[in-house]
Amino acid sequence: MDRRQFLQMLGLVSGAAALSSCGSEKGQKELVSLLVPAEDGIVPGTETWQPSTCCECPAHCGLLTRVRENRPVKLEGNPRHPVNRGGLCLRGQAALWRLYHPQRLQTPLKRQADGRLQAITWAQALTEITEALQLSRQQGRKNTWLAGRTSGTLSTLIEELCDSLDIERLAEFEPFSHAALRQSYRLLLDQADLPRYRVEQADLLITIGADLLETFLSPVDYTAQASTLAADQKRHWMHLEPHYSLTGANADDRLVLTPGSEGALLLWLLHSLASQSRYQSRWSQTLQDLLPSTDLAATAGATGLKPQQLQELVSRLMQAKKPLLIVGGIATGHRNGQPVALFGALLQRLIALPWAGLDFSAAENYSRVGSLLDLKDLNQQLAADRIGVLFVSRCNPVRHSPTDLGLKAALAKATLRVGLADLADDTTDQMDLILPLAHGLETWGDTEPRRGIVGLLQPIASPRQQALSEGDLLLKLLQQATGKSPAADWAGYLQQNWQKRFSRAQLGQLMEDGYLFEPQPQPSIRLDQARAAKALRNLQLQAPLTLPAAVIAPSIRSFDGRSRSLELLSEIPDPLTTISYGSWMAVAPQTADRLRLRDGNELQIKTADWQSTQPVRIQPGLATEILALPMDSLPAPVTGIDPLTGEALRYVEGLQLNPTGKLHRLPILAGSPSQHGRGLIPKPVQRKKKNDLQHHGPRASFYPEPEYENYRWTMAIDLQRCVGCSACVASCYIENNVPVVGASDHLAGREMSWLRIEPFYDKHGRVDFLPMLCQHCNYAPCEAVCPVYAAYHNPEGLNVQVYNRCVGTRYCSNNCPYKVRRFNWWQHKRTPPLDQLRNPDVPVRSKGMMEKCTFCLQRIRIAKDRAKDDKRLVQDGEVTTACAQSCPAGAIVFGNLLDKESKIYRLTHSQRAYRVLAELGTEPGVHYLRPE
Amino acid sequence: MQNTSSTEQIEQDVLAAMSRPSRCYLACIFFAGLVFLGGMALWSRQIALGMGVAGISHPVGWGVYITDFVFWVGIAHSGTLISAVLYIFRARFRTSFNRAAEAMTIFALMVAGLFPLIHLGRVWLAYFLFPYPNQRQLWVNFRSPLVWDVFAVSTYMLVSLVFFFVGLVPDLAIVARRRPGFVGKIYRIASLGWVGNSQQWRHYTKLYFFLAAFATPLVASVHSIVSWDFAVSIVPGWHTTIFAPYFVAGAILSGTAMVITLVIPMRRLLRLETYIPISHIESIAKILLLTSLIVGFAYVVEQGLAFYSGNLYEMEQFRFRALGDYRLLFWIMVSCNAILPLTLFVGRLRRNLAYLFILSLLVNVGMWLERFVIVVTSLARDFDPYAWGNYTPSLTEIGITAGSFGLFFLLFLLFIKILPVLSITELKER
Amino acid sequence: MPKWLLHSLLYAYFGGFILLIAALAWFRPATHRDNSQPIAFPHTVHAGQLGLACNFCHESVTQGPQAGMPTVDKCVSCHQAIATERPETQKLLSYQEKGEPIRWRRIHQVPDFIYFTHKRHVSSGLDCSACHGAIEEMKEVRRVRSLRMGWCLSCHRSRGASFDCATCHK
Amino acid sequence: MAQQLFFDDQQTFLQQLEQLLKNGTPSEQLDVRTPYHLSEVDSLLGQPPSKLPLFALGGALAGFGGGFLLAALTSLDWPVITGGKPIVAVPAFLLIGYLMTILIGSLASFAGFLILARLPQVDALLKEQDFDSRFIITIANEVAPCTTPN
């Protein structure tokens, strides 16, 4: 059902025209007379923006979808959406890649006896399912529904389906279930959901294991919040973790502790607080007495931290007015997970709840999500032949359960296994029937990621072949099984529910903005002393893990691994290691030296019952006895189940390290991890020398000063805010049709990214990120060397590359000190239908041409066109680049330098402003704000 | 001074070289042609698939192709040096080499001229590089060193061709007289009907002198301009003022080495020992020694300058050259170009043809490597350490390089059978 | 002059002409390509005799990059009553019946890497005929201008419009 | 009938030529062919200095001016800013001027040579005249007997 019809049915739009629009596929060769006009007010050849919601991870950020010729071509964060406030992470950007993914499932598939899949019709599939449902009921088997995190009306429909067909709806399965945290909140605070942590208001943030920037609950939200913290000198952020995560890299202080010792640390913090009068009153003496005893020396011994570090931590905690503690992520992914979560919750209760640092009114909606214990339970039932039809929808339990659970084998015991998915994965490989699901941009729907927020899904593209939205599929199943269905189709069902739930005004708002936000009342939360006492009494704090240990760390690029099939995300390098394709194991430089390993040497790590062999990447700053494995490089990223919490275990301890002597070629995109003292990101020491960066004083030049009439497009990048999340990179790829070239070209040094994140490590292993893109220099070295004027400086300060004039001498690239020009080594073709993921405002470059960042010339053009209609100049904030738009941290600002009122003018005249390689006299148009 | 018998003897001896080709010669032609065709096939493949078949990448956007270009332009130089500069200085030993050297200049330029085309990403648009009135109303960027290159190389090519042809005219007339039939007719037409009357000679001498005068500054300027392709850029390792003299000296070094490489076997095979005496070869060897000293000096200056400047980028660049991933090539280059030629201070070695021949081959290798080291290492380590990266030539690049040698030798082999390899007229005059 | 020389000169002379013509035919300009359309729509009638304004049908010409093609609905709104018996109108009505869009052959076209917007050109006071010629006199629309870079530039220069490359090159 | 004298020896030839001229044979009647250039012949025949330098100079000047103007005028025709350099970048354009000096200078000299030396000589081509390895003096028939003092 298209938008107009849908709105009409909701009574939001009047008019009767039926639409049969049809974009011109051959655009260049044909002009198409549509039957009836396209949607009201849409001018052919121009863009429209449709609100929607991102379904790439459970955070459900709000989207604005750019539509051209009836195709979504770009996703942007919805600036007003309460979850992401305009930002969108790289996975969100890549959601379009999923939409156009060549391997998308297109028809229902049935597994043959020989294991091969055969396409069948929906009717056949549904018949098969209903028959199997019936059969298992007769056999006394239980039919079950297992799904990933589900919210909104879809959840209601599933409930309805399960009720009427007597299917048991299992607890939802999420690889990052935060089970330990939820358990502790349930025990101590009587809350089933996870709170929103109000990082932006804290003056001291201590994060233990929680990877706020990568995968923790709502990464875009926390990236935005954490960047304000990082940008403010008066507020402090300490991160404690055994390995080296992007979150750790961005904290003001990153403390390395022994894995498994987080509980000991928290315990000591609790003890330290117990003596403070300020906190004394907040909890009973009984509870305090129940705490196991500890002291500074024991804690230092257990955690591996220096006593001074611990004391500093405590003193900061004492002095802070609004301290906030967040534990989670891999801090709970070991056998001490329960104490960590409980102590953490207790500490949060003491220090953060009083100033509402934990916001349960905007709680993350996790009430239906289970844990691995639920999966274990399912496994047992399967093994006992008690399960009939098993539906697995939008989740991948086979991959995310420990191998020794044997889920793969147990699955075979169900009478019929039905998988609902958009792309094949480890779980669908075990399914008898695979039903293709429509993408979030192909279907109507709503989501409720947080209490009080309803996000809208609407069909912006038509579903691929026979793929169906889950709602439609369920309704069809209901129809088939019971002969009646609550609504003709999913859109109708949604409308029934919405009309019941929302007022007309609310509906209008939902359609207009793409979301509804009704702030919920803050629930009254108090510490249940009795339950807490019971929990504490039962608590067993075990010894930290035996070193050397391996951490299976989540990845910013693939979340829990679900986005790994999107090639775009492999093309964008991991921000810390700069490895793009393939898998690896991060090893500390000292360990590598000891074992005589270099980047790419293969290392086998093993215990008695676990082993993994990966090429090595030396990670500066990583602790000596720790190895870090990105979650998506392992076939089974879970090593066990915590029996107390149901949390997935993500550590392997007591490892043996055996170099195998083999060498792999790793696509490491960084030529060097160090700046070699070049001051690309000036260090505080360098800054103290007076005006070190402007040491050449006012520029003396033989050349005329550049003159600009109306515009000088300029960018400022605040390195203090930049966290290296690479959202800008993904955004640039999609906006500018940048070719995705694959591993072999990456190995040859031929990546095509117009914008890249350069990590530079200092000798202490601390890292700073430098986003590098075309600097649009006033005195651009690339321009003068082009023999044919393909590179030139335009009157608005842009360094323009005229693709079709380029003959491909590559001299410009050689002469670019920033090395941001990209040459098309091949004719880069995208597998259909990925070729439709193409911004029509940007030409697709052919082989032999140089290309580079244009400052999103196409966007400037649109803004100027609009301004010209009103006979004025483009105003500040009216145009921004794709990278700046998507940045969750708001680190990138774009604007017209000639406008003295503009934000960009203010930033470029800031004390912190500098330009990279300024001594070369290129006078870049990109200004950086150095970190302090 | 001359009598009939010696005149006749010169004509006979020189034209004897143009007699029916031997089997060995045909085999050489066939082999050279095959290698050349192989190179062309690889080039076609590169055009069809894209530059990706070459090993060049980011940041090393120039590799073997530009190395080859500079190498071949360098080879071309000594031809002009010998024919024009030595003509003006009236160096007597010039006569032994000038024709072969001029031919070498032209063939090397033809080969060199291919490489800018081969390295173009979109070679089918190469005409964009020439300033001509067009419907796009767009000209070329005369501020770009690559346009200077277009002008320098095409000027050099045309001037050398004219010079070569003018030098050939009387000899063509001689061949026309001695060759009967159709072939003779062609030679006659090519000789423009030269009869050698006083009118013709009078203008001819003037012309030859003027052409030599015009060509002389080209010896210095063409390779200077080629060096500015690098020196005008911003890349550490390229951006230096000594490049022009350094390149010119290098060009002459490689050119004289190539002359020796070609002339020693040619002298032997075509039995021209009388006309190319050892003393003349020794003179050439002295030029080689001189230019090698200049080049060696430039190596020292370059390294010294980098570390004296205290410029981080330069220092890292030159540290990388001598001690980095390409250090082997660097040290081979230093040995071949600056150390081994020092042995020519010993007079006996200067007169030892076998030694000279081997040395000239080594200098050629060294000079090729010099260009490779300059082009590649500079790009591999420039300003932004994140963008550092190494380069390894692909088989396509190696094949096309081999093809370029194939073309050069093919042309040279054809030359020795088609045109008199020594200037008969000048020999007579001597 | 020997006879063979005369003959070969003659052959070369006329052969040259034939080759030239062949070459020209190969590169025949876009103005002379096949211009037939799925429906033989006569601009002579609509724009000529009836004097309909261009933007009566090409509605978005003043609003966006593309001039826009009239919808089938729009055509039918008149042709329900007018000239319904004509074979071409019958074709139109059959499109309506089948619910199929009409795919016209594109006559005026700039390459993919060029940004061209009708809106700016029309709003600067340029007449449609400046680029499209006297459409109202064409039975079958054909290209009368080369639409090549030099042609665009001449006009841009003479009218003082921008000739910054990025104005047109995407 | 023309009279032709052949010499194998440069010395004898020069003596004979000198003799002839001394005897009063006008140089216009003499066609002197030598296997290589002999400046003595020119001075004996009293030929004026070659005008070739004028061609060379003209070509060189035209080349220099043309080269510089080509660069400057085309840059001004469509001023495109590259690297912030001036539109008329004098040092770079002088280089074009310099190269064109040499190119046009050489080509003009060559053209001048062809014109002055009357090459290609169609006569010689058609009559298949040889470039002999001997020294030849051809004395043309007396044009006007009265002018011959014999």
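Order of writing sets the labels: A, B, C and D. Residues in every chain begin at 1.
The rule is short, and it goes like this: a residue touches a chain if its C-beta (ideal position, glycine included) is under 8 Å from a C-beta of that chain, and two chains touch if they have at least 3 such contacts.
Predicted model only: the values in this text are computed from it and were never measured.
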| item | value |
| --- | --- |
| Interface with more contacting C-beta pairs, comparing B-D to B-C | B-D |
| Distance between chain centroids, defined by C-alpha means - chain C, chain D (Å) | 58 |
| Chain B and chain D, separation of their C-alpha mean positions in angstrom | 29 |
| For chain B paired with chain C, centre-to-centre distance based on mean C-alpha positions, whole Å | 53 |
| Cα-centroid distance, chain A relative to chain D, in whole angstrom | 80 |
| Residues within chain D bordering two or more other chains | 78, 80, 82-83, 85 |
| Chain A residues counted as touching two or more neighbouring chains | 781, 784-786, 789, 792, 805 |
| Residues within chain B bordering two or more other chains | 137-138, 140-141, 143-144, 147 |
| Listing of all chain pairs that touch each other, if any do | A-B, A-C, A-D, B-C, B-D |
| Residue ranges of chain A touching chain B (in the complex, touch as defined) | 578, 669-672, 674-678, 680, 745, 748-751, 756, 758, 760, 770, 772, 781, 784-789, 805-811, 813-815, 817-819, 822-827, 847-850, 917, 920 |
| For the chain B and chain A complex, residues of the former touching the latter | 49-52, 55-62, 116, 119-123, 125-126, 128-129, 138, 140-141, 143-147, 150, 229, 232-235, 312-313, 316, 379, 382-390 |
| Touching residues on chain D, where the partner in the complex is chain A | 80-86 |
| Chain C-touching residues of chain B, taken from the complex the two chains share | 134-138 |
| Sites on chain C touched by chain B in the complex | 148-151, 153-154 |
